[in-house]
Amino acid sequence: MHAQAFKVGMRAPDDVSEGARLIDRGAFRAEHVVAILGKTEGNGGVNDYTRALATLSFQLLLAERTGQKVAAIAKRVPIIWSGGTEGLMSPHATIFTREPDRGAPGGAKRLAVGTAYTRDLLPEEFGTAVHARVAADGVRAAIEDAGIDATADLHFVQIKTGALTTERVNEARRRGKAVVTTDTYKSMAYGRAAAAVGIGVASGEVDGAKLEGDVIGHEFSVFSEIASTSSGVELMNCEVIVLGNSRRSTSELVMAHAVMKDAIDAGGIREALRRAGLAVDAELAAADRERLINVFVKCEPDLSGATRGRRHVMFEDSDVNATRHIRGAVNAVVASVTGDTMCYVSAGAEHQGPPSGGVVAVLARAGR
Amino acid sequence: MHAQAFKVGMRAPDDVSEGARLIDRGAFRAEHVVAILGKTEGNGGVNDYTRALATLSFQLLLAERTGQKVAAIAKRVPIIWSGGTEGLMSPHATIFTREPDRGAPGGAKRLAVGTAYTRDLLPEEFGTAVHARVAADGVRAAIEDAGIDATADLHFVQIKTGALTTERVNEARRRGKAVVTTDTYKSMAYGRAAAAVGIGVASGEVDGAKLEGDVIGHEFSVFSEIASTSSGVELMNCEVIVLGNSRRSTSELVMAHAVMKDAIDAGGIREALRRAGLAVDAELAAADRERLINVFVKCEPDLSGATRGRRHVMFEDSDVNATRHIRGAVNAVVASVTGDTMCYVSAGAEHQGPPSGGVVAVLARAGR
Amino acid sequence: MHAQAFKVGMRAPDDVSEGARLIDRGAFRAEHVVAILGKTEGNGGVNDYTRALATLSFQLLLAERTGQKVAAIAKRVPIIWSGGTEGLMSPHATIFTREPDRGAPGGAKRLAVGTAYTRDLLPEEFGTAVHARVAADGVRAAIEDAGIDATADLHFVQIKTGALTTERVNEARRRGKAVVTTDTYKSMAYGRAAAAVGIGVASGEVDGAKLEGDVIGHEFSVFSEIASTSSGVELMNCEVIVLGNSRRSTSELVMAHAVMKDAIDAGGIREALRRAGLAVDAELAAADRERLINVFVKCEPDLSGATRGRRHVMFEDSDVNATRHIRGAVNAVVASVTGDTMCYVSAGAEHQGPPSGGVVAVLARAGR
Amino acid sequence: MHAQAFKVGMRAPDDVSEGARLIDRGAFRAEHVVAILGKTEGNGGVNDYTRALATLSFQLLLAERTGQKVAAIAKRVPIIWSGGTEGLMSPHATIFTREPDRGAPGGAKRLAVGTAYTRDLLPEEFGTAVHARVAADGVRAAIEDAGIDATADLHFVQIKTGALTTERVNEARRRGKAVVTTDTYKSMAYGRAAAAVGIGVASGEVDGAKLEGDVIGHEFSVFSEIASTSSGVELMNCEVIVLGNSRRSTSELVMAHAVMKDAIDAGGIREALRRAGLAVDAELAAADRERLINVFVKCEPDLSGATRGRRHVMFEDSDVNATRHIRGAVNAVVASVTGDTMCYVSAGAEHQGPPSGGVVAVLARAGR
């Protein structure tokens, strides 16, 4: 496998022009795109339709350039958006390709990408152990698809899953079924939680037997260090993207990850950059800035209501959701280290990294 | 002069309990309080009444403990709030006191505090050169009050000024007078701009002759490196707090300042900390964290719509004001260096530091 | 008892000038004020501090004019605010007085006002049957205070109760106690629900035995037609105001109520106006507009997600809370009938009127 | 011409299923669709991408069913959305068709529909007299297209125009050109204003000579009673839909209009319904509810800051834009008369109806 990745800025959720230009000048072929992961500029909440617009726009681009139907693209290429580019965060997509090998593998572990789709969940399954098991099966399929041999080589597993809407809740009720929550905004958290636990089960970080208890959405000492999940009303299944390294890959790119202990843990970011082979002093060395493709981060407000003992007001704010606050804060911390505000920071880190902290993964051009 | 400063957390805008406890245990006397500067947890906009509530609450505390009337406190002690503690920012106040000297000055320059009040502005004067001149006169009075000899010893000049409301606009119109803007939210920006230019005139950074042109709110290459201004509907004059150093002060504290070139310029923060005598590597040295009292920062979104070339969406967001976005981002950058989310970050940096950047001042316990 | 009521507009949450002027010109005496019920211009959510500011401001006014301490006023005069004046709604207070009788009762039933305070609730009691029972006891005390003989003469019972904050939740957890919800915004709904069921128990509309099941916040077919409850972080007990009619009252005012079946049921509003003796065609007759003092309404979005079969998006909106949407809508419906946007419309009608509808009470000058 | 109109509900901005079903069962043919006008559930602001998503979704539907390219549909069928379904408002589209005549005209004036597109405006032309003139030319072309003979037969003229973005502002600046405002949200108001004045010029309500002065966005005594304009970043030209009556039409539908004097003027709504031939007492007669297709309304907060003398807080609210507040309020007033929350209420009524009021047009099945 020869995997590539291209970070493209977006002037609006339907702006696919940078990707189109890359195809035009031969940087990659539309047929080789296997996954897209990005940030759109909506509110990141239930009614954030920037995700749907961006998905449709990239599907139309790939359909046009490959001659395939949109419906076929939708079944083959997971396109996952996390809504919400608060603060300085710059809307963008990372386009992943898988292409024929260019020569033989060089011996070093290099970027490998795999994907999978699961079945749709019923409203009453949503946010439950069933949801987690379905997610875990999807992750295993994507790991196999990526050709990654050891779970230690997994560095970032992204799942996009659904959310409950008033209509889905009512539909379940009509059938006499209970749902985990009737609060549509909160259902997004349950979706992220179930998918994250599923990733942990597939990666071996979480004991599958744990699923029987009341873990999902409650027991946050159970977590995966490589899980990143987001949710949105536009789907009801799990779409999975696995990013890791493999000796069989001939990619020029490499993945690494570390953990942020809390929202201002710039040290965790520096550690992830170093693990990817980049030189970092207080900030990413100027000479290595070109080598950085993207940073992928999950985060959440400190659940205690205080960060390092200092009160925050995110949970008391009835105007702006806590997820919006924390994304803007953590993006700024990342950018103050890398110099680049165009990175992927997604909130709602239930079971994704330690409580009140999160996952930080780095995708970079490998050193020689 | 022996100046002290106490940073007190607030559980709500009317929570003055930390200050009360400090008085109770003799850390300072209510009679010696000369100024209070803090952050409240409102939206920072036109209808942010957390500022008024916090002001009234502290006035009632000081009135109770001094036996003075609230009205007398209101004329003697500027209490200035910047609304908006987005992201991780922790609501708090810094209480400044001026007390009888404790021994003779030691030769080193130490914290000096001065204050002043100006007359009320008319709606039609608001945001104009008249406003700037009134502000400049206030700053000169406060510098004299502080006993600061050289403008080079000024490190942070805070002005709180007013804002136009629909009623004030209509009142001016009834008298046939024009106002700088009828947009109440935008009037806050004009207020900040006029006050900041006034500070620059008083500090010598800005040529007073500049006031005649269309500088205020437009020509942002004209700025002060030590100006910090905020605005709110609750007043229509300028309340001034001057912070600097003086050889005549016997304070144990010291001020310093630097400039942030943009919102992710952690280097500017490190520089200000070092100028205050603190040890900083990538982050503030653990041993010196106790010495830091507070960091005071002004910031604004990059006016070009992009930070270091990467698009931001703050000006396109019709749900959350740009000032809310940028405060949360910059607070996180500061906290990632100092380890403390309880710092003063205020947005709307018109003429306060370089365009798209801002002022960063540090108040710390002096080294031995 | 001679009860009066004065509706005063507010230019800001701390604007008590209209009330002060009424006292100045002898319309009523500060000593006779027994309750204040109003609308402030905050977001109506967890962090709506306009309520606290308005309370403190009216307490200071009454303290100043009576020579009593603020603390004494706070124990004697319930001052209850519903936050949120969305749409056209005009911020205001209705000030209720009880004064010495002026002559003998005339035989007709006229306005009677009673009040009560309950004990503080523990976080773990909040939103439970204990909460409802405490509320019911408070309502019974207030009915007795009002001198209302029959529950049929009750027309509007207002309770203000508390809300959980992150700190209160954590405090309970430290003691090993569970709370009904850890979502601070949702706790406001539980508080309103428990208080409303308590009103129904006291008025005889709800069977006290129902409290043992899972009724509160869930079984909305259980409701009171005269209950109005609101919640806010600024307290943890119940403050009760009872409004009804009594033959022993010499007031010139009269109360009446009806029910709105849904948010656009203008017919319910017309019915309540007519029951208060006012002439109504499509709109309140011009000749009777002077007689209307205020309309008090509780409302909520249709829980099915649709109003008369047409989808609404209030529950899907992650930017603006559903309570904000519905208040603005229902205020406009009331005002289109009465011609007056200054009325009391409060959202969160759990157990207050029929599901998706609410209580509508009218206070008017009695006809001759 | 045989014109039809179908109001279809939408479960999301990309839900075109109701329209698809109508085509499937032969209610109309995709080839005959000439215009679509609707409400989407975004914030109605600069970053409301629900409009773009809905447009693309309906274009894809029409392309699929006609076999035409999306680009061809985009040049032939104006699809205009007003964003923002606050309060009870139900997201929907009204689909207009023009079909071959079915028999000869019956003598009565019936619905006629015409459309037009103008050229793109430059950023520096946006919101100016040039913009108004371009709009007026477009309206004249659409009137001719509709076959409407007299301006008295015009009842609703809808224009969708663009908005300035930070990028468009910067692009103009690079060419040394000034723009009417650099505030992207405010630019939407200028766009609406220029287009509305253009409609007035074309309808003869506004003297074209007025354009030379500072009328647009300032002198609101200049207005059209039939203008409805909205703006959004997704375009930079004017798309025009003209609705009126013509003796040459064989449609079964009829248009009428009246004016709302202010936001609670239910009388204006009743008048428009009656002019369309519907029976109205306090509310639309039950027997005639089936005949009502849709109500189209423009509205705005009273510019004085008060509605019938009562203060509103819409202009002081820094969390929720005034346009959001007023749409929810006026929709509720309309629905309280018609019983149907699914109607078109659009805010920003600059020059569209009298100041602080707006246009109200009714589309109904003609009586026999």
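A few comments on the model shown:
Going in written order, the chains are labelled A, B, C and D, and every chain counts its residues from 1.
The rule we apply is simple: a residue touches a chain if its C-beta (ideal position, glycine included) is under 8 Å from a C-beta of that chain, and two chains touch if they have at least 3 such contacts.
Quick caveat, the model's predicted, so the values are computed rather than measured.
The angle of the rotation superposing subunit B on subunit D, based on CA atoms and rounded to the nearest 5, is 180 degrees. Each of B-C and C-D has its own count of C-beta contacts, and the greater count is at C-D. A separation of 46 Å divides the Cα centre of subunit B from that of subunit D. Here the spacing of subunit C and subunit D, counted between their Cα centres, is 39 Å.
Residues of subunit A in contact with at least two other chains: 11, 41, 43, 47, 167, 233, 313, 316-317, 319.
Considering their complex, residues 9, 11, 41, 43, 85-91, 263-267, 270, 281-283, 301, 306-308, 310-314, 316-317, 319-320, 324-326, 328-333, 335-337, 339-342 of subunit C touch subunit D. Within the complex formed with subunit C, the subunit B residues making contact are 11-14, 41-42, 47, 49-50, 52-53, 56-57, 167, 233, 319. Against subunit A, in their complex, subunit C makes its touches with residues 43-48, 165-167, 170, 183-186, 233, 304-305, 313, 315-319, 321.
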